[in-house]
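Quick heads-up: structures coming right below.
Heads up, the next two complexes both have chain A, just with different partners, chain B and then chain C.
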Partner chain A sequence: MPLDFYLNVIVSGILTGLIYGLAAMGLSVIFGVVRLVNFAHGEMMVLGMFGAVLLSQSFHLDPMLSAPLIALVLFVAGYGLQRGLLNRFIDRPDHQQFILLVGIAMMLVNGLLMGFGPDARAANVDYSFDSFAVGMLNLDKVRVYAAGTALLVAGLLFCFFRYSRIGTAIRACADNQLGAKVVGLDVPGLYAITFGLGAACVGVAGSLMSLVIDVRPQLAPEYTLLSFIIVIVGGLGSMGGALLGGVLIGVSEAVAGFVLLPSMKSMFSYGLLVLVLLLRPQGLLGKKG
Partner chain B sequence: MLTNLFDSVTTRGKAALALFALALLVWPFVANPYLLAVGTLILWFAYVGQAWNVMMGFAGQLSLGHTLYVGLGGYVAAGLFVKLGIGPWAGIWVATLVAALAGLVIGWLGFRFGIKGVHFALLTIAFAEFTRVAFDHLTPLGGSGGMFLPVDQRAGIDILNLRGPPAMYYYIMMALAAAALLACRLLLRSRIGYYWQAIREDQEAASAVGINVFRYKLLAVVVSAAMTAPAGVFYAFYYNNLFPEQVFAMNRSIEILLGAIVGGVGTVFGPILGAFILTPLGETMTNLLEHIGITVPGAKQVFYGFALVVIVLFQPAGIWPWVAKRLRLVKGDGQ
Partner chain C sequence: MSFNFTAPTRRQFLGTTAATAALGAFGAAPAFAQGAALKVGVLLPRSGILAQAGQACFRGAEIAAKILPAMGYNLEILSGDTESNVDQARARTEKLINDGAQVIIGAFDSGQTGAAAQVCEQRGIPLVANIAAAPQLTEQGYKTFFRNFPTSVDLVRNAFPLMKETFATSGKTPKTAILLHANDTFGMANKDAIEKLLPQANMPFTMLEPISYDPKAQDLSVEVAKAKATGAELVIVTTRAADAIMLVKEMVKQRWEPMGIVSPGSPGLYDAQFYKALGKYADFAITNLPWFNPTAELTKKVQAEFAKLYPNDAFDGYGFNIGCTLDAILVACDAFKRAGSAAPDALLAALRSTNLANHMMVGPAITFDAKGQNVNFSSAVVQNLKGRPTVVLPTSAAEAKPVWPMPGWSDAARG
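Entry: the complex of A and B
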């Protein structure tokens, strides 16, 4: 196989991986702060995908333009969900949180199935089949735009947590919940904001993803698992780790789909997950303990 | 030991249990084929839920990939039967052994490297999904196209080859579920059971009083995996087909543990009650929705998901402890 072919596959994997990374970042933020494992993550992502596809089909709105709108809707939904329901489960055992979120996930994905049926839909843009030629690389325009947007959103999120007052307060909650309460922070409110942000992140990732793939409700569990794998590989609670994990998984999927069989690509990801869990359970960029 | 096994159950509770057992025994005589199949399915989930409960309910290790052991059990026994002509009663031992070994590997790898809680649960998913995709590509055993067992005439009862009418399968599943109930009760009352519960409540404390936490956690995974395998063997011989997509499906893993959690994690009657609530709930919804003219795919699961949210919101410890206390079926806290 010629070298440029491999290079193209790898770069395409990196670009897709950045979108994966944004989705996983949402999961990582939620877990890192709220200590809640969002088993409805892929479902939220598919919600974002459907939002983008429907807006594109009915108003010819580019998924990149509808992304902020979807982010807003999912932020509000996530905020409400955390405030109304999930905050009551913070101190409950893992398996109860799990059941709650599985129930929510089932309602979301099957609600979509009831509303829109199992058929695949795609968001069509004029530049779907355009590409950039850089040296021997041939990059899909949609992938480049989507990956660029994912990086931008990830950067914004990072700055928010780093420099804003609310972001700092949220990090305080994550470090020490009791301490945060003692200094008078509204912990349940901050949790709600965090969950909203996580939901917005994955919503944007979903709308970007709708540029690259055909959208079906049944994709949801797959993306939940994918986000988990990425977060574990990159390191729970580490935002950079989520991006790195996303890129790794994106590349390994692309290469495995090409070298082996497309249907075997997920085996590669699971293999990677098992390896990381065994050799470096805190993840590549995660902190120990 | 056996005589006082259920001494925490009140007289009322024993009467209810006896009535329940009687109802199960006469069920094939009164039910139509569809209801008989539903009954078999309920007992199947009660059995697997019981097996899952050993790991999570007793020892506190969450497994989200129990279909791994179902699938391995099914494929090993069916493979031996189809390829080598080895009957299910011999195959079931091999199947159990293979599943136990798989549990040993996963548990060893996980606990050896100190993987706990959510991470361990994800490890179990990873292994189950990995195996599913692997079996998809395992062409000697049919791959994603599935593996089929020869369907012989169903009139006579050939218990040696697990071939017979639906009622035979129902009774076999019932016997399995009853045996699992007894075994779990015995386990819970044994030294091992107390060790497990100590680890479940507080691993560090258990370790401090001298329990070999690693060994007993590993044992829980192995016992649970081994108990699950016969359900896979049953599945293979009951449905006569195995598809990796179905038998290793993550959805099924979730269905398995939902029953046990809804019924009551850590109790021996909980998984049974849970199966008797959830499976009929799903089936009734299908029929009910068809009846009122809603045939959209997904409607059933939406209600199902809603029911889960409501149950975990209002009865987080499960329905069995609540029912048992209300109806005074057991003394104490509903164990």
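Entry: the complex of A and C
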């Protein structure tokens, strides 16, 4: 088979993987700092998708332009959720946290079903059927734009955590919660900001993903599971790991589907997961302990 | 460059990851009453991946509840949502029967219909399938199962000559073809039927290795890339609405322009959602399948009721699903009327002796053979033209001439 077919498939996998990575980054940030397994992660992503579709259908707003607005809404929602509810469960047993978040997830997905119904919806943009021809590559315009935006958002998030005072304080909380309290940091407030940032991150990913796929409320659990796989492969708590994990999952599925059977491609995500857990249990960019 | 937060235990994370697979939504089974009458349990995938088709079929039930009483049939519709899931189909069938359903209609999908058929057989309640093509459904020896829809084998058997007829209209014949199909019960049954019938059909093309995909797939770019790489001149598909949209979208993006896209009887290409999502790119796709009879008196009543109930929607994109569902309900009501009772034995006996000439889909009177199969179906070539499914063959029923090969994605013919 000619080389250009392989190259096209690999590049397409990388582009999709970057959006997956951004979604998983939100989960990684929340999990790494607040130590909550956000079972409502996929649901938040689908909320972002529906927000983008709604704005696209009502105001013809491109999902990439509506992404900041969706990020803001989800940041406020995430902040409020953590501040008003989840902070009270931080010291509770794990199973209580899980049940709470599963409950929130079910409320969100069924709320979406009640509000929008089960039909698939699409955010139609003028360029949704276009592609760039670059040499032997045929690049889907939508994926190129979405992946570029995902990289930009990931970069901004990284800079925030690395260089801002609040970001530094959040990292201090993640490193040593007790120590952070001792030095006078507002830990519950920082947790709320972190959850808000994670929610905003996944909201942007959802908004971008709405360009690539048709949106249905029932997608939510699939994206929760996918984000978990990516985070485990990339390394728990590692932002770069989330992006790397996303790209690896995207490329492995694409290549496996192309070379072998497309219906078997999901198997390779799980295969990669098992392989990483066997050879490097902390994930590719995760730290031991 | 990366930095790490303190990572909590992996056991905590992994242990809970598995639970996400079990997440699901709980549906409801609303009912709307039409007075004391035959209680018809309409089992359809009204949510989940097949929701678009399930909802379209349910419109047939809603219209039936409006127009059949005026034709002397008393019925009450109970609704069960399979959530596009085989296990839920089984559970919802049980619930419908427990709620008093005296006959079950459904369930659009072969896998879900098979699950419902097992329950109906155990409970002795008749099931009239509206749409479900897997041949094995009528090969199980069930006494309570009736299918008013062709099997996959019949769909493909009818489709092959129509394909040749389509090619003959322009004299341009594809030399190679590839099948893209979902790997669910229906998709696999269709693939098996194609492989079984192809050697005898004397088709002018060579069939390449088929490409299967997960019916829940969100992205078919790899599948289309793989199919494009084969250089096939004809794309044969077995789809539903969502995957049909994804396939064509990817074909446009990847600039793959085969001579045509043909479905031997699967849904997707003629669904309203397909036109809404793809616009001009929806045109010229072809489906070979049984179709509603636009000249039938019943069809006119249905169209009038559809216009009242759904004024914003075009009937053509829903007509097939509505016609199949309405006819299945009509079969049950007709049996009830003749039996004069909803007792299972009486209803089953009446269903076996069905001979219903006045119905909505094209074809002679509905009758069932010893296996419960209506064998009197014929297919038409339905091509999407100017945003609506149009009968183009056979010539006797054609509303327009077929366009073959299909124009390229950027051709002016697409508007």
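Here is the rule we go by: the second predicted complex is superposed on the first by the 285 of 289 C-alpha atoms of A that agree within 3 Å, B and C clash if a C-alpha of one lies under 4 Å from a C-alpha of the other, contacts with A are read in each partner's own complex, and residues count from 1 in each chain.
Just so we're on the same page, contacts are C-beta pairs under 8 Å (C-beta built on N, C-alpha and C of every residue); 3 or more make two chains touch, one makes a residue touch a chain.
Quick caveat, the model's predicted, so the values are computed rather than measured.
**Student:** Have a look at where A:S266 lands relative to chain B and chain C in the superposition and call it first, second, both or neither.
**Tutor:** A:S266 contacts both chain B and chain C.
**Student:** Once the structures are superposed on A, label A:F5 by its partner contacts, choosing first (chain B), second (chain C), both or neither.
**Tutor:** Only chain C; A:F5 stays clear of chain B.
**Student:** Determine, under the contact definition given at the top, whether A:L225 touches first (chain B), second (chain C), both, or neither.
**Tutor:** both
**Student:** Determine, under the contact definition given at the top, whether A:V37 touches first (chain B), second (chain C), both, or neither.
**Tutor:** The answer is both, since A:V37 touches chain B and chain C.
**Student:** Check the residue A:P281 against both partner chains and state whether it touches chain B (first), chain C (second), both, or neither.
**Tutor:** Both partners, chain B and chain C.
**Student:** If we overlay the two complexes on their shared chain A, which of chain B and chain C does A:M107 touch? Say first, second, both or neither.
**Tutor:** In the superposition, A:M107 touches chain B alone.
**Student:** Can you tell me whether chain B or chain C touches more residues on chain A?
**Tutor:** In the superposed model, C touches more residues of chain A.
**Student:** Considering only the contact definition stated at the top, list the common interface residues of chain A for chain B and chain C.
**Tutor:** Looking at chain A, the two contact sets intersect at 37, 94, 98, 102, 105-106, 109-110, 113, 117-118, 221, 225, 228-229, 232, 261, 263, 266, 281.
**Student:** In their complex, what parts of chain B are in touch with chain A?
**Tutor:** Touching chain A: residues 56, 62, 64, 109-110, 113-115, 117-119, 121-123, 125-127, 129-130, 133-134, 136-137, 144, 250-251, 254, 257-258, 261-262, 265, 296-302, 304-309, 311-313, 316 of chain B.
**Student:** What does chain A use to touch chain B in their complex?
**Tutor:** Residues of chain A touching chain B: 37, 85, 88, 92, 94-96, 98-100, 102-107, 109-114, 117-118, 217, 221, 225, 228-229, 232, 261, 263-264, 266-267, 270-271, 273-274, 277-278, 281.
**Student:** Applying the document's contact rule, which stretches of chain A touch chain C when the two form their complex?
**Tutor:** Those residues of chain A that touch chain C are 1-2, 5, 8-9, 12, 16, 28-29, 31-33, 35, 37, 39, 42, 94, 98, 102, 105-106, 109-110, 113, 117-120, 122, 124, 128-131, 138, 140, 158, 161-162, 171, 174-176, 212-214, 216, 218-219, 221-222, 224-225, 228-229, 231-232, 235-241, 253-254, 257-258, 261-263, 265-266, 281-282, 285-287, 289.
**Student:** Please name which positions on chain C make contact with chain A in the complex.
**Tutor:** Checking each residue of chain C against chain A gives 1-8, 10, 12-14, 16-17, 19-21, 23-25, 46-49, 51-52, 55, 183, 211-214, 216-223, 225-226, 228-229, 241-242, 245-246, 249, 252-255, 273, 277, 281, 409.
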